[in-house]
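In what comes next, chain A is part of two complexes: it sits with chain B in the first one and with chain C in the second one.
What follows is the complex of A and B.
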């Protein structure tokens, strides 16, 4: 009795076509709904609102909102903006170059060690990677203890022991930028290293064998095989590191707080101060749009250097 | 000079460089440890007491006996773990679709999702702060967790897709022939098989959430709700030269869980990171 009933149900279902649930789950876009909702609510809508707010005089201490271009004009006429952009450029450029060069050097060193089967290379890789999981805030605080000009500052107290006069790491405006870049490179190098390490592993070893047969020296191999093969990795890495650095906020606020004066106040910190210290929501929105625009332009510029995939590949 | 001798010199140079690099990366942490083990008097003796003469655990005792500090650690763990779990729930179906369905515009859509990763949390927090205060989500762990989820969803989708790509389709096809629905197959077959990949994605995101600062800093005002990252920043603001050793201990306690989690799962995390990396 029961079997006939289920059989009848199965037949009726087949006649009606697949159920709604089955049809939904056969459509890939159903599966994308949760991600789309999260990104829509927490990214897309806020971004549209940032563009809108930039055209108003909105403030965090609720006044009446009206549309005006005065905020944009005020922001771009603000003489501080040029300095902020220059500071941001120095910080980003220093960090990107530092992290890439240092990360590539370490990856090459680890690869050489592995080729020669030297023990301790995994340990070296691990030590470098540890810095990467240090929270940005802690990174700033730790380097503050190293750079501090008080008696407990590590670097200056070593200098004093060696009878070298101490350096004003954080109170001299130029040195403060060097210090900020150094601490950022310490934390960020691991990421570049791991990307380069993976890319180096993917290079066909026969290329090196062929070069050895032809009598190429180590530097020639680096210049004519390794670097061209790493081109895509270097460019992708540059995009990621540049944008990460542009967005860096916590490591700077805890190391220098943007000081001395405004010597290390990068664009993200300036945006933060504009909105949450001066309550200027509209001005901060203009700066946010500027941040987005800079990231986008840089990403496109780097991407235009990416090698095109050949049709034969 | 023979080739073999040159290689030997190269090995020596490799080790020399390795030691210098290791020193650069370890010194800041070693200094932090050194300061945290000192008494207030020894802190002022600087580098000459790199190894303290009278090491003390008092600073750690002071930190860890403070119930609010333990609460900060718990808040940090809770927010990071809930954020990681929520992120997997949101990202796994999308990762499945990207791995198992074919539809036009798929790779473009994946790039679009990844592009969200490029947007600074600060940019979205500027307007979000206003909505969330209007919705009463300021000072709520729920609100913070939702933002954490949104921020890590792009990376999580890519990581989980990589994990699902590595599973053979045959088991899923067998389940489908046996009449299992597509969602049932996903839930009962695909996800359990992808468990190692899901676990490494989860750990990686928890570690990244642990260092989140801006979101809780802006969205939480009540002291008892703060995670450790915000708490040490506030603590640094109120501390002075005579409490440096306590700040060092607090920093170390904030940093060690992330390091330990990373060391335990290093192989998995490095694997997950390099699997999706650029191939020339």
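What follows is the complex of A and C.
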């Protein structure tokens, strides 16, 4: 009798299917919901709100909020925007190229040193990394002291000792941009170095051995083995450094404040000024969306060059 | 037996002293003044000028002042709130909160945004807590700043500062009174190995504020009575260009180094004075004390200050700032306590503690610290004090003046073109307010 009851229960369970708990457990959405909620609340909602604010006349001190396209029009009709975008392009382009070149050079140097078992390679990596962990504001202040055009300014004092004319690092609009790029490259090179160092480690050493057997020179190895093998790393690094540079304003605000004039006022600093100096929340939101769009477009362009896996793989 | 009684009395006194001290300490905590279970309380939002100040001397002084205050007002507790150093953001946020009825009961309001708070009708009148004599004793620009269109006072401006021309007497013996005299003195100082005259010229508020003295000295106005920017119109345009050309001429003639376009900090002047590379600079009154602390006594003796030169000896002005307190509470009792905090802690004792210039003439005679010749001279110069217009468009006007100054001093734009660009940007921003 008992055996019959147990069998009946088992059949009924089979007919009813697994319990709700088991079904939830098996469903991937159950596991994704917490992450989705977190991302939604802390990332997606603010982005949506920025889009919404861009369609209003919202102000930090202002009047009643209403929906309007006038903010978008006002921001895009601002005659300063073209100059700001050009400045942003120069700063970003200079920083991305500089960080890639110096990052790759240091990574190659470290690899070469390690291969030859030279002492101090770990110390070299650590020293380069120190620049990376310095906060942007501190980075700006450090370089402000170095670039100071006062008679006691650090770099100019050294130049004077070498009987070289001092340079108008920050008071000349063109040099101010060079100085801003230099300080940003100094800080960001470590990140590129790490990316390239990891990618260099992953290159199959037999490729270099084969090239050596064929009598390839160092330059040829760099051109025909290292750089093609690093293609994916260079592109990924470009995406990351571009987005990071587009968002940089702390280092500039403490180095030049965006001056002289607007010579170093990049889009992120312009956005900050729009919100916290003009109290123009809506205008700042439009500019933020513009920054987002530029970052996305550039990321997509870079990504289109990424090597793709063959269909057969 | 006698000795035993003496020892007992001493121990009892010591215990009582420790208990009272501990009680005074406990009365002021990081976020509260007074007993936690006090029946009545109000919120007080402060800057660095309070019991939680990062300056240990100020913190200790305010802890004592607040402790004594709360003992004079039993049954009350003050809930302290602290603003960050990002004052612009903090004040904008507080205005939003006050407008929605969520603001603190009493708070420090930066003088240059006070008009925004007055315009938003979020401040409660304080007339009944201050006598007519006390109000009349305030410097004119202070009285004007705190008075609303209805004639009532809506805040109490308790400290102020001003800009002056510092000079090394060994190199520049006589105080330059006019723009031409300053240029000549600066060029002459270069012959003695100095940099010439230094002033703020980079992208920050100090550039606008310090330069505006030259515009105001001619009677120039940035905005009209309704807050509309008019600095590029009619006579104001001429005065504005004259003041811009004056700075441009200082740089072009070599009276000021080109690097002024990069100066974004008053500390640069202290550094130049300490390094012995500058004999003239336009700085704030607080720098006198900083120079005293930085320089060797014999070097400090060489430094003095005078009013900022004007286009003529009679046309003088100086930018003045400072902090006010305002009450946001709808509860009259809390407004009264806010006024009591101002009167008993800040207006007078607070000035003396922080050595910040009082806003009423009477206080200069009341505290020894303000009887020094230097502070008496500062007080006299305050007569020509001019506050920044407290209108919503001011931050953008300031931003555009900074951009204009950079463009003009670096030779990127002519003063006329730079002024037109600044005006276009300001008018566009004004239209969006």
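In this text, the second predicted complex is superposed on the first by the 271 of 313 C-alpha atoms of A that agree within 3 Å, B and C clash if a C-alpha of one lies under 4 Å from a C-alpha of the other, contacts with A are read in each partner's own complex, and residues count from 1 in each chain.
Just so it is clear, a residue touches a chain if its C-beta (ideal position, glycine included) is under 8 Å from a C-beta of that chain, and two chains touch if they have at least 3 such contacts.
Everything numeric in this text was worked out from a predicted model, so none of it was measured.
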Clash or fit (per the criteria above) of chain B with chain C on chain A: clash
Partner chain in contact with A:59 - chain B first, chain C second, else both or neither: second
Chain B versus chain C as contact partner of A:150, first or second or both or neither: both
Partner chain in contact with A:213 - chain B first, chain C second, else both or neither: neither
Touching partner for A:278 - first (chain B), second (chain C), both, neither: second
First, second, both or neither for A:34, with chain B first and chain C second: first
Contacts of A:137 with chain B and chain C, given as first, second, both or neither: first
Touching partner for A:71 - first (chain B), second (chain C), both, neither: second
Of chain B and chain C, the chain that contacts the larger number of chain A residues: B
Touching partner for A:26 - first (chain B), second (chain C), both, neither: first
Chain B/chain C common contact set on chain A: 60, 150-152, 276
Touching residues (chain side chain A, partner chain C) in the complex: 57, 59-62, 70-71, 74, 77-80, 148-152, 168, 170-173, 256-263, 265, 273, 276-280, 283
Contact footprint of chain A on chain B as seen in their complex: 7, 10-11, 14-15, 17-18, 21-22, 24-29, 31-32, 35, 43-48, 89-91, 93-94, 96-97, 101, 103, 106, 109, 113, 116, 118-131, 146-147, 149-151, 153-154, 157, 181-183, 207, 210-211, 213-214, 218, 229-230, 232-233, 236, 241, 244, 247-248, 251, 254-255, 258-259, 261-263, 266, 270, 273-274, 277-280
For the chain C and chain A complex, residues of the former touching the latter: 88-89, 92-93, 95-96, 116, 120, 195, 201-204, 257-262, 264, 268, 271-272, 275, 277, 392, 395-396, 398-399, 402-404, 406-407, 409-410, 412-413, 421, 424-425, 428-429, 431-433
Chain A residues within the chain B interface of the complex: 21-22, 25-26, 28-29, 31-35, 38-39, 41-43, 46-47, 49-50, 53, 60, 106, 109, 112-113, 116, 118, 120-121, 123-131, 133-138, 141-146, 150-154, 156-158, 160-161, 186, 194-195, 197-199, 201-203, 229-230, 232-233, 236, 243, 246-247, 249-250, 253-254, 268, 271-272, 275-276, 281, 284-285, 288, 291-292, 295, 299
